[in-house]
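For reference, chains read A, B, C and D in written order, and residue numbers begin at 1 within each chain.
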Amino acid sequence: MVFFMNIGYKTFAIIGGDKRQLYCARSLANDGFEVVLGGFDKVISMHGVRLMDAFKAAQSAEVIILPLPSVDKDGNIPAYFSDKSLSLKELSPFISGKRVFCSMKDKVLLSEPSLNSSLLSDYYAREDFVLSNAYVTAEGAVKIAMERFEGTLNGARILVCGFGRIGKALTRLLSGFSPELTVSARKSEDLAAIRMWGAKAVRTDELYNEQGFDVIFSTVPALIFRPELLAKIANDAVLIDLASMPGSVDFEAADRLEIDYIHALSLPGKASPKTAGEIIKDTIYTILEEEQR
Amino acid sequence: MVFFMNIGYKTFAIIGGDKRQLYCARSLANDGFEVVLGGFDKVISMHGVRLMDAFKAAQSAEVIILPLPSVDKDGNIPAYFSDKSLSLKELSPFISGKRVFCSMKDKVLLSEPSLNSSLLSDYYAREDFVLSNAYVTAEGAVKIAMERFEGTLNGARILVCGFGRIGKALTRLLSGFSPELTVSARKSEDLAAIRMWGAKAVRTDELYNEQGFDVIFSTVPALIFRPELLAKIANDAVLIDLASMPGSVDFEAADRLEIDYIHALSLPGKASPKTAGEIIKDTIYTILEEEQR
Amino acid sequence: MVFFMNIGYKTFAIIGGDKRQLYCARSLANDGFEVVLGGFDKVISMHGVRLMDAFKAAQSAEVIILPLPSVDKDGNIPAYFSDKSLSLKELSPFISGKRVFCSMKDKVLLSEPSLNSSLLSDYYAREDFVLSNAYVTAEGAVKIAMERFEGTLNGARILVCGFGRIGKALTRLLSGFSPELTVSARKSEDLAAIRMWGAKAVRTDELYNEQGFDVIFSTVPALIFRPELLAKIANDAVLIDLASMPGSVDFEAADRLEIDYIHALSLPGKASPKTAGEIIKDTIYTILEEEQR
Amino acid sequence: MVFFMNIGYKTFAIIGGDKRQLYCARSLANDGFEVVLGGFDKVISMHGVRLMDAFKAAQSAEVIILPLPSVDKDGNIPAYFSDKSLSLKELSPFISGKRVFCSMKDKVLLSEPSLNSSLLSDYYAREDFVLSNAYVTAEGAVKIAMERFEGTLNGARILVCGFGRIGKALTRLLSGFSPELTVSARKSEDLAAIRMWGAKAVRTDELYNEQGFDVIFSTVPALIFRPELLAKIANDAVLIDLASMPGSVDFEAADRLEIDYIHALSLPGKASPKTAGEIIKDTIYTILEEEQR
């Protein structure tokens, strides 16, 4: 299905990034847009997309898409498929005055103040982007659980710790496997919602009363799994920590207790780069559509 | 399973109300509490619960539970199972100084300022109460749809308008029937969430592009279904309006267009008084437990 | 969506029946076929369909559809929307030599042996018809449960007795409500399947060990609910018997024990005539398509 | 939960096998039985279970459990955790007259006719065993799809080819991910059932009309995926063949067309040895319980 969306632009340059950007490019091209890739020297060819030097790519397009993150601590745009470093400062004149989509806009502007803030949109700051990625993270976490746990999720005793975006997505996704599901949360309304999902609801600060889990997903961005709790409920479990650095698990204690622990970070890009790339595209479309209202 | 919860009290008086209060009473009694009912003259007997004059009931208990609403515009406590009117003012000396659970605390204090505000808890204002009732409302709405629509929900073309608490509960519940499900919302992140549920996501202000629905659930507290939209998408549909007064449908236009329209209000009490009563009890327990932390 | 299916015929006459036949007619007309209704004197008009005398209707069409059942014990075709009786014998010359779809072919031929057996197809004897109706029955049963039980199905303690077609459909449908679900079966492989659905599996002949159900669906065509079992597990339950006559419940005992019992027969036609009518059409299409292979 | 099931025996010897047998042993020990393992020389210790020479193990127990398969073409019992070959003939005197559970009884008796057929039960021939393993296979196949496909299953265009035990389990499991699901079958009643699951139903012999799949699961034990069909519908798909040898895919053509193809055999033992081992135990329990009825 090739159609041309009326979003006011026809050409996109994707500068730097990893597999997600390749999939984002393919998806844009499939929608009928002209797409160029810059900073992908190791990619030899890609159907429907032109590969260029990053500067030329930037020059040739109306819209620029920077990756996630858009700039590293050295001022470079991360470019997984290139051996050359790609300086944001050097690129800056070529994208100045264009419509630029980036992640973490503050850091981009801090690194390169010359960029016009009003032309710079942060897809990473969008609620729809965050929510969609939470779902992708949940699916990636389920994949890890299936790889690490030697039984089926069906019938397994599973704990989801935390009922934020990822916890909610996990609760829904795991329900399809019919496990013995326990979900913890702090807020009373979350506990009520968990019960309505047919799962056992436990206050996160009363988790020490539980036991016997096969798989534990931790989504809470705080040090929840201290040594005592680990010893109490995670003994025979596969423990998958989805909280961003520094994580929610005392990993030294986890090692000492010989718990099968994994800190799974950046799952969307690792487990589902195709969907992660399409989410970037969808978010950019939505931003442009909203501007036209 | 009879146990005694350590919530600091042993005797409850339920004063006024409808079937929900009877189920709340039974559930409290099943948990091992002493329960008296006041203002239920038409109820002859109930296993495990004592029936009394409202004043005596209030006097005899540590905790008082007022119904939903707790006071009407004439200053009376609604008592569906009694022919006598039950004045909050007259009851007031008997409940003063006791632990009182009510709904819409502001109205209660306005009607009877002598009551000690600090001893008065409003279960109706709680997020967990509201969320649980949203689910009960969704189930009641599904029941109405099954009664009104002459096909199965399986395979039916269904629209849920709005993705708040009730819209979310409906989306989840209806998914189990495998309909052709469309859900509308205003926010981009809600549209993303709807898509992840496998439903078609539509902006509420673009609903006029849709058509052919068998069943429409409207949950948005605003006049959405104006004549043009009704004529466009609700022609052959059963239209169930769940928005509180004045509703989300131009009902005169709906009549004129001969649309099968129902404004379904207060569903928890009507469709599932047992669960609605148990939710009152659960919320009171949670309030008491949180105070003990 | 009006299209013309290549099934070798263009005109259909629907002779006798109830609301299901009206919906079957509408659905055929929506697919682009010419449809006449005979034996529906009380129906004044219907969009896209012509109403006729039964004999003329039969004469004018290539394909004849008889209702469910197709003939009663007096040799008449049941005609819910007519005061006149419609004799199969008298109609017979008008449908002889045509393609006729009926239910319970044996009874039709017994009543009217002159009909050409090879031109007579029994949609009711088809596995796909039976399976689809089992699902419709399950949805109708869930509707009854929602009407009779005063709590939500969410969280309710529900028993499905039997794991045949209807039992399987109920298990699937009820799972979406997240109840405490118990399903009984006789065969070990069914018990294994029930467990994988996340439900509690119980041997039907060990049901007397269970208790405390809110809602019981019985699908087994045998006298399962004898007095002792009723007293043991159905005391406070809504008991919905879906087994065809004489049912699976000792109804005298159920009355004596004051159990809220309902023998729900012919649910597809009563609860979902639209879908039931469309299933007749779909089955006829499938028969005709299979003949063309 | 340690309890003692009344199944008439107290001691089990598990002779040969792989991880499944280790998990079967652990599960039996957790249920309170005395368990010895024979033919697991490479296993140093296991909590609650004694490790022995195979002959001593067989001698010491009332019940013998042989692995899956129970005997290879050389007359040996497969023993993954041993370097020594374990001859069924040599073991035979030690298990003769005991209650023996095996797989593929015919082959066992062919290899060792001295064994008493009436004391020999074949867990592998049981419907409940086969059904449970079909579910485990489906979960393993979903895991492979998650590993191979670079997008999420949510929203992916998925085909399940065949609606037998594994096809049904896949349909159910995948529904939880809300993909665009197509399921193919030959029988009309299966097509009806597929539609009720909310999936698109396609006749297996009309699959050539479909296209654009991301993931294809093939469960049909016949050569379905010939070159033309591969070229038509599997071009950009991950193709997971679950049919036992020789499979359902022309793999030379798949190679030539550069299709991402995997023939996934023996998934229960590979992906979920814990559950696969517990299913062996459950089946043995069920056989023993049925004998006591």
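Basically, contacts are C-beta pairs under 8 Å (C-beta built on N, C-alpha and C of every residue); 3 or more make two chains touch, one makes a residue touch a chain.
Values in this document were obtained by computation on a predicted structure and should not be read as measured data.
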{"item": "Result of counting contacting C-beta pairs for A-B and A-C, higher pair", "value": "A-B"}
{"item": "Averaged-CA centre spacing for the pair subunit C and subunit A, given as whole angstrom", "value": "48"}
{"item": "Mean-CA-position distance for subunit B and subunit A (Å)", "value": "37"}
{"item": "Multi-chain contact residues (two or more partners), subunit C", "value": "135, 154-155, 172, 196"}
{"item": "Category of the chain touch graph - line, ring, star, complete, other", "value": "complete"}
{"item": "Complex interface listing, subunit A residues touching subunit B", "value": "126-128, 130-132, 135, 169, 172, 187-189, 191-193, 196, 282, 286, 290"}
{"item": "Complex contacts: residues of subunit D adjacent to subunit A", "value": "19, 23, 135-136, 139, 142-143, 146-147, 149-155, 172-173, 175-177, 271-275, 278"}
{"item": "Touching residues (chain side subunit C, partner subunit A) in the complex", "value": "154-155, 178-179, 195-198"}
